[in-house]
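Listed after this line are the structures, all set down as structure tokens.
Note that subunit A is present in both complexes that follow, paired respectively with subunit B and with subunit C.
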Partner chain A sequence: MNALKKFHAIFRGRKLATAGLIWLCIVAFAAIAAPLIAPFDPLEIDPVARLSEPGTPYLFGTDHFGRDSFSRAIYGARMAVMIGLGSVFVALGTGGLIGMLSAYFTRLGHVLMRGVDVLMAFPALLLALVLMTLLERSATNTIIVIGIVYATTTARILFGMTLKLKGEVFVDAAICSGAGHGSILFRHILPNLISPLLVQASFIFAFAQLQAAALDFLGLGLPPEVPSWGNMLSEERIYVTRAPWLLIFPGALIILSVFSMNLVGDAMRDSIDPRFKDDIAGV
Partner chain B sequence: MLVYTIKRLLALVPTLLAATILVFLFIHLIPGDPAAILLGDTATPEEVATLTREMGLDEPIWRQYLLWLGNVIQGDLGTSVFFRQPVLSVIGDGAETSILLATMTMFWIVLFGIPIGILSATRHGTWVDQVTSGGAMLFASVPTFWLGLYLILIFSVGLGWFPSSGFPSLSDNGGVANLRYLILPSLTLAAPNAALIIRLVRASMLDVAREDHVRTARAKGLHPAKVAIRHVFRNALIAVAAAFGFTFAALVSEAVVTETVFSLPGIGRLVVQSILRRDYPVIQGVILVIVILYMVINLLVDLTYARLDPRVSLK
Partner chain C sequence: MALLDVTDLEIAVAAGGKLLPVVRGVSFEVEESETLGIVGESGCGKSLTSLAIMGLLEGSQVRLTGGSIRFDGRELTTLSPKERRAIMGDQMAMIFQEPMTSLNPVYRIGDQITETLRQHRDMTRGQARDRAVELLDLVRIPEPSRRIDSFPHQMSGGQRQRVMIAMALSCDPKLLIADEPTTALDVTVQKEVLDLMADLQTRMGAAIVLISHDLGVIAETCDKVAVMYRGKIAEAASASDLFKNMSHPYTRGLMNSIPVVDHDVEWLEAIPGRVPTIDEVLPGCAFHPRCKIAETRCSAEDPAAREMAKGHEVRCHFAGKGAA
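Let's turn to the complex of A and B:
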């Protein structure tokens, strides 16, 4: 009930953010129910129907192999959600842990945070590109690479926030009552960071979509046969003059999803503890 | 201020050294014999053996690193497998395009980002603010390459106003007029970054507007426009200046994509092509150059920041 109230408070009077949330729910639904919604197999080739215009039976038209763009877009939602959630998981799991531990154990922090500084000396996409040259093209590797890139910013943000909380009275109280380090970190400090972490997660999700699309476009992301929005754009771009719709639909899907996630993140940011607001790097 | 500068310079050294170690290790992380990797697929066993000796690959890894670092300091970043040229000169060939592209992009970012940001902040809460800050967020959500493709489709293929790809050097036929090749790429690159600057100018101006000195300026009857520019914007600019280091990193990342879309002979496309060609010495060299450049820019940004806001260097 409490969560529902908070939820209501965040989105009340924010029509655009609410619309964004609804769109994200649609994307999530498409991702889960892809095999049920998609009218065709996303990999099925129909050479006769190459580059058909949008209409029936091909709602978004077909690509240069004659594959149904609509079905590919639906399965693309699946990849988008997977890459987004996966990157968030990796970034928060590794970066978050490093940031929290570094702020809590000061000596360890000196070492770990210098490591983070070094990784942050590499611009995001460049770091992702370099890591991808060492790894094979696959969904898992794309997630790991994007996750690592955003783990650095996450580490820095959580470092700052944990440091602020460390001096609070409730932490002293926990120490006095004999709580161990693990209990203080994860049962006393972490619960206070859940809301800012959710905001950070929403921005990472949004950035991850753009990075994944860029990697796909450069031919260094998901394997080419995987139906992702980035791959759809990358594969069909040479047909842009003959079949402009092939780029409009996947492009619009990426933009709408990233925009929606940014709107939702922005709305949530306004509702979190004001002490943490400036820590979070978003749009 | 001097003490602060020296402190910051000294703090840079360990990070820089650690970054060079990472860049050095890059070649060793690729599965296979580093000498064979550096020479490419066409190398004979004799060549591989010679390079192994020259690079000291039979020596312990820390000596290899020192050897490599010594070469780097002397400006020797190795030889490109593909071009059969020193890496530094290959990078140098792409520098003109990339530097011009970055400069034009910065021009657009400042031209659009700052005035629209000020407008958004001064009209805070009105429809003007909603449209500009919402629009900015929308632009920050557009994949760079998609925007580039559509700009090409509209302005090159459709209207024929600008060339769609390539960039002849300014010293070639056409001279300064060749800059028209960079108009669409620089606009593509500027869009998401200008959007971030709009959001940032707006947010920091709204922060400053709450401070006491602004209320005083208003109370003494100063014209609202004067308050906005002289008192609010000037102070907000500090936060904006601090963000330019971040903007540089974003520019580098997105330049890789933009230069590929517009087939510009810059450093960004060089990275992508070198990755696809497995030209590892070039990848290693470009990364090293960009990382050093990024650190220097961050240092300059921080020093400017400290100069603009004396509270920083006193801490």
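Let's turn to the complex of A and C:
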């Protein structure tokens, strides 16, 4: 009940964010209920109907194997949500913890942050490629790799913010009231980091989609038979002139989901941080 | 035995590989339910002294280099972090200068008070909340049962400082350290907060160390006063003694720089010069470059503390002579 009220408070008056949320809900629903919604098996091949145009019964047309693009897109939502959430979880969990601990325990920080520096010396995609070549192609490994790539930036951001918060008077006040390290880090500092964490989460969720698509496209992400939006783009790219809808639909799905995630992230940040509360409830 | 007994406290700042002393041999005692005022200009070491008592120096470039701090018979400088945490917030508490930043902006004020309570007392959430409402009422926050769910940014500076006082008093501490508690507040609110503190002290019987640069505030609230200059106590006495018989030229200088309402003066007398920076090496009395009555002896020989009357100590070669 209380959560519902909060939810209402976040999205009231924010039309674009509400639209974004609705879209994300649709994606989430498609992800959960994929076997029920999808009219065809995403792996079923119909050679007679290959590269058919969008219409009935193939809503988004068929690819060069004659697989139903709409069904594949729906199963692709499943991968998108899984990889997005998984990467956010890995990146914020490891990166956030490294950043906070490094800032709080300065000596440990010298060691940990140098490790982060080394990882950051690689361009994101290159690092992902290197790690993926060492690992097997699978959804779990894709999540871990993308998570690690974005853990570095998360660690950096949280390192700086924690360092700043550590010097705040309310932290001294907490020490003076007898709070221990754990309580100071997780009860006093962490709640102040929620808004940057949320922004970071929406950013990572969004970029994980792009990164995963890029990995799929280069043949290093999910196994090729897995229906994901990135794999769809990758496999059908040579048909861009003959059957552009095969690229337009998954491409549009990626863009819409990334954009929606950013809108929702912004709305959540504005309302969770009490300092933003009195601002005009725009967007 | 005194409740708080600070002896020969030495604090230094690490800069450029050297340790520069900023507090040099400060000693004072605070008895139970007594109020000690520490006065001095910015940079004289008064805040560092208070931070050292609360153990907040650790981890920064500022270091405790000597001396002892005994609280209620226990040596604080050698306590383990765990033992210290058990005392802090429970038996000793601190109020900070900046009420705008000393409350966590993302917590409701009630949660911040109950956290301290639940840390030190075996209380359920409900009991702690009831106690928090009582405390807010005690510090005269109107409608405490409603305001307990406010965020700090929804309150005024004076109200936030009251909340800080409520937090500090939540576990009935024996010692309260207040570092310039009213400096950031406007004058009328300042008076209210000081009255509140004085009132609560008589009711709860906590000893207070009040740090301030405002002699007026000190005169109004303190039993004992220590005047600090450049890391040393220049003059220490009971408040009544000190204001009757100021013996150190620095104390007199501070007093003369306060406007008096019923005297019509053209110019206020300021102390010339400024507090020397911490890396300046000054032989002799640290105050001599700014002192009106300084003689050659003052730049050569550091005056030892002399007892003028019982409990009235002064570090000046000419204490009591030649009133300026």
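Here is the rule we use: the second predicted complex is superposed on the first by the 244 of 283 C-alpha atoms of A that agree within 3 Å, B and C clash if a C-alpha of one lies under 4 Å from a C-alpha of the other, contacts with A are read in each partner's own complex, and residues count from 1 in each chain.
The rule is short, and it goes like this: a residue touches a chain if its C-beta (ideal position, glycine included) is under 8 Å from a C-beta of that chain, and two chains touch if they have at least 3 such contacts.
Because the structure is a prediction, the values reported are computed rather than measured.
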When subunit B and subunit C are modelled together on subunit A, clash or fit: fit
Comparison of subunit B and subunit C by subunit A residues contacted: B
Touching partner for A:Ala179 - first (subunit B), second (subunit C), both, neither: second
Partner chain in contact with A:Gly93 - subunit B first, subunit C second, else both or neither: neither
Touching partner for A:Leu129 - first (subunit B), second (subunit C), both, neither: first
Subunit B versus subunit C as contact partner of A:Pro35, first or second or both or neither: neither
Partner chain in contact with A:Pro223 - subunit B first, subunit C second, else both or neither: neither
Subunit A-centred angle between subunit C and subunit B, computed on Cα centres after superposition, in steps of 10 °: 90
Smallest separation in angstrom, by C-alpha atoms, between subunit B and subunit C in the superposition: 15
Doubly contacted subunit A residues - partners subunit C and subunit B: none
For the subunit C and subunit A complex, residues of the former touching the latter: 54-56, 59, 81-82, 85-90, 93-94, 96-98, 101-107, 115-116, 119-120, 151, 153, 164, 167
Subunit B - residues contacting subunit A, complex: 14-15, 18-19, 22, 26, 29-30, 134, 137-138, 140-146, 149-150, 153, 157, 195-196, 199, 248-250, 252-254, 256-257, 260, 271-272, 275-276, 283, 287, 290-291, 294-295
Subunit A - residues contacting subunit B, complex: 16, 114-115, 117-118, 121-126, 129-130, 132-134, 206, 210, 213-214, 217-220, 230, 233, 237, 240-241, 244, 247, 251, 254-255, 258-259, 262-263, 266, 283
In the complex with subunit C, residue positions of subunit A that touch it: 106, 168-170, 172-180, 183, 187-188, 191-192, 194, 273-275
